[in-house]
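In the part that follows, the structures are each spelled out as structure tokens.
Next come two complexes built around chain A: one with chain B, the other with chain C.
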Partner chain A sequence: MTDALVLLVVVPIAASLFPVALGGRFERIGWFVAAAMGLVHLGLSATVAARVLDVGRISYAVGGFEPPFGIELVADGISAPLLVLVSLSTLGVLAYARRAGPHSNAFYSELALLTAGISGVFATADVFNLYVFLEITGLATYALVASGRSPSAALASLKYLFVGTIGASLYLLGVGYLYIMTGTLNMADLTEAVASVGYSSPAILTSFGLIVTGLLVKVAVFPLHTWQPGAYAESPDTVSAYISALVSTAAGYALVRIIYAVYTTEFLDEVSLAGDALVALASVSIVVGAVLAVMQSDLKRMLAYSSVSQFGLVVAAIGLANETALVGAVVHLVGHAVMKGGLFLTVGVFATGLGVRTVEDFAGLAAKAPVSSAAFAVLAFSMVGIPPAVGFVGKWNIVVGAVEAGAWSVAAVVVVSTLLTLAYFGRVIERMYFTAPEPEADAVSTDGGNETVEVSFGMRAVVVVSAVAAVVLGVLGSDLITVIQPALEVYF
Partner chain B sequence: MTDVFSLRPLAAVLAAAVGIVTIVASKRSPNVREGFTVLSAVSALGIVASMVPGVLNGTTYVTDLGTFVPGVRFVLRADPLGMIFALLASLLWLITSFYSIGYMRGLDEHAQTRYFAAFAGSVSAALGVAFASNLIVLYVFYELLTVATYPLVTHDETEEARKAGRKYLAYTFGGGVAALAGTALVFLTTGTVEFSAGGIAALANADPVVARAAFALLVAGFGVKAALMPVHSWLPDAMVAPTPVSGLLHAVAVVKSGVFGIARVILDVYGPDAVGSLGVGLPLAAVAAFTIVVASIIALRQDNLKRRLAYSTVSQLSYIVLGLALLSPAALVGGLLHIPAHAFMKLTLFFCAGVIHVETHTDDISDMAGIGRRMPLTMIAFTVASLGMAGLPLVAGFVSKWYLLIGSIETGQTVFVFVLLASGLLNIGYFWPVIYQAFFQTPEDSDAKPLIEFPIGGVRAVTDGGSKDSVAEGEQYAVDRNPSDHVAVADGESDHDAATDGEPDHDHHHGGAPAGGWERRRLGTESTWFMMAPITIAAAGAIVLGVVPQTAVFLALVQRVVADVTGVVF
Partner chain C sequence: MIDLLTTHYNYVASILLFGIGLYVVMGSPNLVKKIIGMNIFQVGIFLFFVTTGYVDGGAPPVVGHGEETFVSPLPHVLILTAIVVGVSLTAVALALVIRIYDGYGSLDEDVIKEVQVDD
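This part shows the complex of A and B:
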């Protein structure tokens, strides 16, 4: 049964070969390979999740080498829901890509590779292996971003490549320090090894600083976010949705694992600066991300900066070293993936169907595309944190955790972030629903530049499903928490 | 007090929520759509009303939907306090539905499906607020109410409406944020947010600083929708919405959800005893008293009828808050009873303003001289309701005010007695001119309205021997200098403007009497019965509440609430 865990990584890697290999003979085979991969992945992640619900933590030793010497893959209450999220996001994005493209076989190879990398990040229990998967994720993402046809996509990809590589290198350097001091790379093993070296050891402190900074680059927290708006905004809509849902989420998850499994809460207690710095950085990120989002006229850029702000919430909760807040962080990771992925796809529907991409263009959109507009409104209000949608569940837990931890300033920032989020989504919704469209808008979109494609049923369905999922996840939030909580409890 | 598991509280919320779906689904056929509005209003009212006898006998209907967030269950409970609000909202929704149909069709408004769907959504959320069993569930519906009302505020789709909508969202979500923060504090200090009559026991023993902070956050949060000064200014701006919205939502459902939230906080979260011992009741009462007086004074200077009514609402809502903050049993009865009393009266007044708008496109009070000839029944209803507002006997406002007065004397805070009496006089001050000129003046022969037309303190135009120009311009006249001439000049000017404009834009204000004065119409022929019947029923409701308060169900519910909380049986 635990084989499913390794297959979650192996199947997408294997699948990534087929579109390129068979592409010469069958022009459109990529989508079918990817779809088959997605379905198998869903089956595997469901198996893993069922097993985790049944027995709790499950572990798999790669190649039969027992940990701590071999590489260990682990699934527990935190990673299992995220693995299922990967499968569902993949299928959702594929349903969308069927019509919207990109259609090249190389795209589907890269997508499968990205799935493998992200699944690996969620499954691994080895800090060096984590680096490998983060790099697979990163490389696949660079390529995917570059698959946008505009020159600025290439530029964004290059920028991401530079910044992302620096982040990964910092992480690797930190892992090197850890390995020198402890002689092990297995997370469970590191817990005790780090403690025995002593939390005040300069090498350990350095490794913490390097690893966390490296991961924060990947998470895209202000001021390390510079790669992210370009990467999200310039890549094809399908890619934006997929990477916004999963790539930063994977890095955020890695941050949770590294800080709590390797360094533990005792480290945070002893080195109070570590947690405080994270919280301070995150609080700034929440506010600045939202302010930058308000200033954007391009919808995708606005959503990208919104991610900077939202991941600030997650990182703040991680830095608080409080169980309730950490539960909120994981819930918000899942919730944000659903909401932001859905929002990007919705914006994609508007862009493909109607050729609108800026806040200006959104005037009167609700009349032209009522269903997608309603989905956008639901997702946006969910992101604002209107109950009962999932955005509220995460935020509530983070607020309660912050107050429990006595971090009043964080509680205030998180609570106020509701209004900041409202500030950038409110103006879009207002334009969509309550502003008459400019008469010449149609003429502009037809005379070249933006070509529009008929929006398929699949595209519309994915958008609606994600909106429904955001609400349903919120209603079932307490069930999600009962899955996550036992896995997090061990850290406290 | 027995708890009975029942799906009826949930069914009431869903009856209205399902209305959204059916209304949107039947958008192609307006008659079917309006049928669904009425159907869901009737079923919501029926379900709520079916619980009234049980609740009066001490039964509480409970729907438990399981855990929502850890430590908090999603439970709907129909207890006496919730029933007051639910019964009021669902009853007045039914009345307003008919009025809405007449109003929206009378003006041939756009986006009627969105309007009716959002209306059903708002009422559904209001019922959820009423039946919420703890602060979190209350917060959930409180926020949903904000979202559902937003499309109604912005309905006009003009820049002014969008601005009002923006302001509305910013204010109410800001309030929601404060309420959420207060909820989190209560949850952490006591481990529960469950309402219980007389307050959460653990809160009385909590750290007083934290308890006070949580109280301040909660009351400030709910106070935004209750339009306590200084966070009231969204309400007059929201009057840009269609009049039924102003009537039901901005005089009843939305603003009273704020008041209701404060009532829950004082009665069921803290309990009057804890509020008293924390010493937070008196500051709240002071804010309420300030709001009562200042809002009434501002109302005196509003020429737009709906804005004047809005400031009157701001003032009257604080009666309720004042009653709650005074904490004595009689004051609590008065405050809570003022929830339905004000609802019936203010709904009547807004309905009157709306029907005047539909029939004559007149919005400003200065254009309404002699309108009693054109709309006799409307203005009679207006008179009845405004007398009630002022607190004259035989109308609902008197009963609640009587209890409020007794309550203020009971607590020994005589200053509030003077506030209440002064507010009564101010009410007469801003309603009487409307009534007087409607019945006893004509457009050709009407007095100037110094408070509206001149800057505060008068104009120092001619005393210093200024240039002749300033005297020649009619607007510079002092009040006592031939005022009727002045009005005639002003009228002539505006007629001239209208003639040169000549735009057939019916939304734009070009109200006032037609040339040759108002035609005389008989009672009841002034508009369609879709609008006249709701006005009559709402006004009749205000009288019933005033004449036989003991048989009208609201006072019984209020007395039950107060008995549960304080132990004092009336």
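This part shows the complex of A and C:
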């Protein structure tokens, strides 16, 4: 039964070989291999989730080497929902990519590798193994971002590669400090080992600083976000949706695991500066990300800066060391993935169908594409945090947690961020529904120069499903919390 | 100070490598030199790990090899993995550089910025 856990990583890695290997003989085999991989992955993650609901926590010793000496894979109430999220996002993105492309076989190999990397990050319980999976995720993402044919996509990807590699290297250095002081790499083992070394030991403090900085680069929190808007905006719509849904989410999850499983809340109590610094940095990120989003005219850049702001919320909740806030952070990780992935796909539908890419072009769009516009509006209002959508559940728990922890400034920042989110989505929705289109807009969109692809049923369906999922997840929010809560309780 | 240099020179070297690598990544406008800088930075980390794994007079933990002190091989194994990751990163980075050069006709960041503004 627990074999499913390791197969979640092995199946995508094995699948990634086939599109390139068979590509010479069958031109369009990539999509079918990836779709089969996605279905198997969903079956495996559902098996893992069912088992976790049953017994709470399952663990797998890779290669038969018992932890703490071997690598341990673990699934619990936090990682199981995220693993299911990976499967569903993969299938959703594939349904979209069937028509929208990219169609090259290499693209589907890279997508499968990225699925493997992210599943690994969610499943592993070993700090060095986490580094390897983060780098697999990174390598696949750099290649995917560059799969846009323009040289500016390659440049954005290279910039991401430099910043991402420095971040991952800082993480590795931090792991080095931890290993020198404790002699172990297993997270559960490190909990006690770090405590016995002493939380105020300079080497432990250095390792905390290096590891957290490295992961914050990958999460893309201001001012470490510089790689992110370019990478999201220059890559093909399919890729933007997939990486915005999962890549930063994986790093955010790693941050939760490392801080609470390895360093624990006692560390945050004793070294209050650590939590305070995280909260302060995150608060700046929430506000600055939202302000930058308001200033963008390109819609994909706006969504990218919106992610900087939303991940600020998650990091602030992590820094608060409060159980309710942390539950909110995990819910928001899941919710943000659904909402932001859906929004990028909706923007992709508008771009392929009508050739609109900027906020200006959105005037009167609701009349031309009523279904996609409605989906966009639902997802946007969910991101703002309007009940009963999932954005509300995450933000509400974070605010309640902030108040419980006595951090009134965080509660205020979250409320302000909600208003700013409304500001940048409000102006788009206002244009879509209440502004008449400019007369020559039609002429521009027909000879826009882009290769026009007919929007397929699959593309529209994915967009609608993500909008529905955002609302349904919000309604089922309390059930999601009952799954997550027992896994987080052990840290408090 | 002299004492530190003679006994801990390998740590000093790895910190110098971090510094040089980071400086090249941030300071050089040439994209290939940035990749070289990134490699130097990573080598600093590799040296750091390997240094911490070294025990004076230690033997590998293999049956029949041992006198008294055994050395954990784990840091060296970790670095073998990290070197593989580093090589893959360099390969991807160089592939991207080829595409950037095809598109802009230059590897200089400042020139590329000018080309982008002109477009």
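One rule holds in what follows: the second predicted complex is superposed on the first by the 491 of 492 C-alpha atoms of A that agree within 3 Å, B and C clash if a C-alpha of one lies under 4 Å from a C-alpha of the other, contacts with A are read in each partner's own complex, and residues count from 1 in each chain.
Throughout what follows, a contact is a pair of C-beta atoms (placed from the backbone, for glycine too) under 8 Å apart; a residue touches a chain by one contact, two chains touch by 3 or more.
Bear in mind that the values here come from a model prediction, so they are computed numbers and not experimental data.
Trainee: Would you sort A:N397 into first (chain B), second (chain C), both or neither based on which partner it touches?
Mentor: first
Trainee: Which holds for A:A143: it touches chain B only (first), chain C only (second), both, or neither?
Mentor: In the superposed model, A:A143 contacts chain C only, not chain B.
Trainee: A:L44 contacts which: chain B (first), chain C (second), both, neither?
Mentor: After superposition on chain A, A:L44 lies in contact with neither partner.
Trainee: So, A:P151: does it touch chain B (first), chain C (second), both, or neither?
Mentor: second
Trainee: Mind pulling up the chain A residues that touch chain B in the complex?
Mentor: Against chain B, the touching part of chain A is residues 324, 327, 381, 384, 386-388, 392-393, 396-397, 399-400, 403-404, 411-412, 415-416, 418-419, 422, 426, 430, 433-436, 477-478, 481, 485.
Trainee: What does chain B use to touch chain A in their complex?
Mentor: That would be residues 66-70, 136, 139-140, 143-144, 146-147, 151, 154, 157, 161-162, 165-166, 169-170, 173-174, 176-177, 180-181, 184-185, 187-188 of chain B.
Trainee: Please output the residues of chain C touching chain A within their complex, sorted ascending.
Mentor: It is residues 22, 25, 31, 34, 38, 41-42, 45, 48-49, 52, 72, 74-75, 78, 81-82, 85, 88-89, 92-93, 96-97, 99-100, 102-104, 112, 116 of chain C that touch chain A.
Trainee: Using the touch rule from the top, collect the residues of chain A that touch chain C in their complex.
Mentor: On the chain A side, the touching residues are 128, 131-132, 135, 138-139, 142-143, 146, 150-152, 154-155, 157-158, 161-162, 165-166, 169, 172-173, 176, 179-180, 183, 185.
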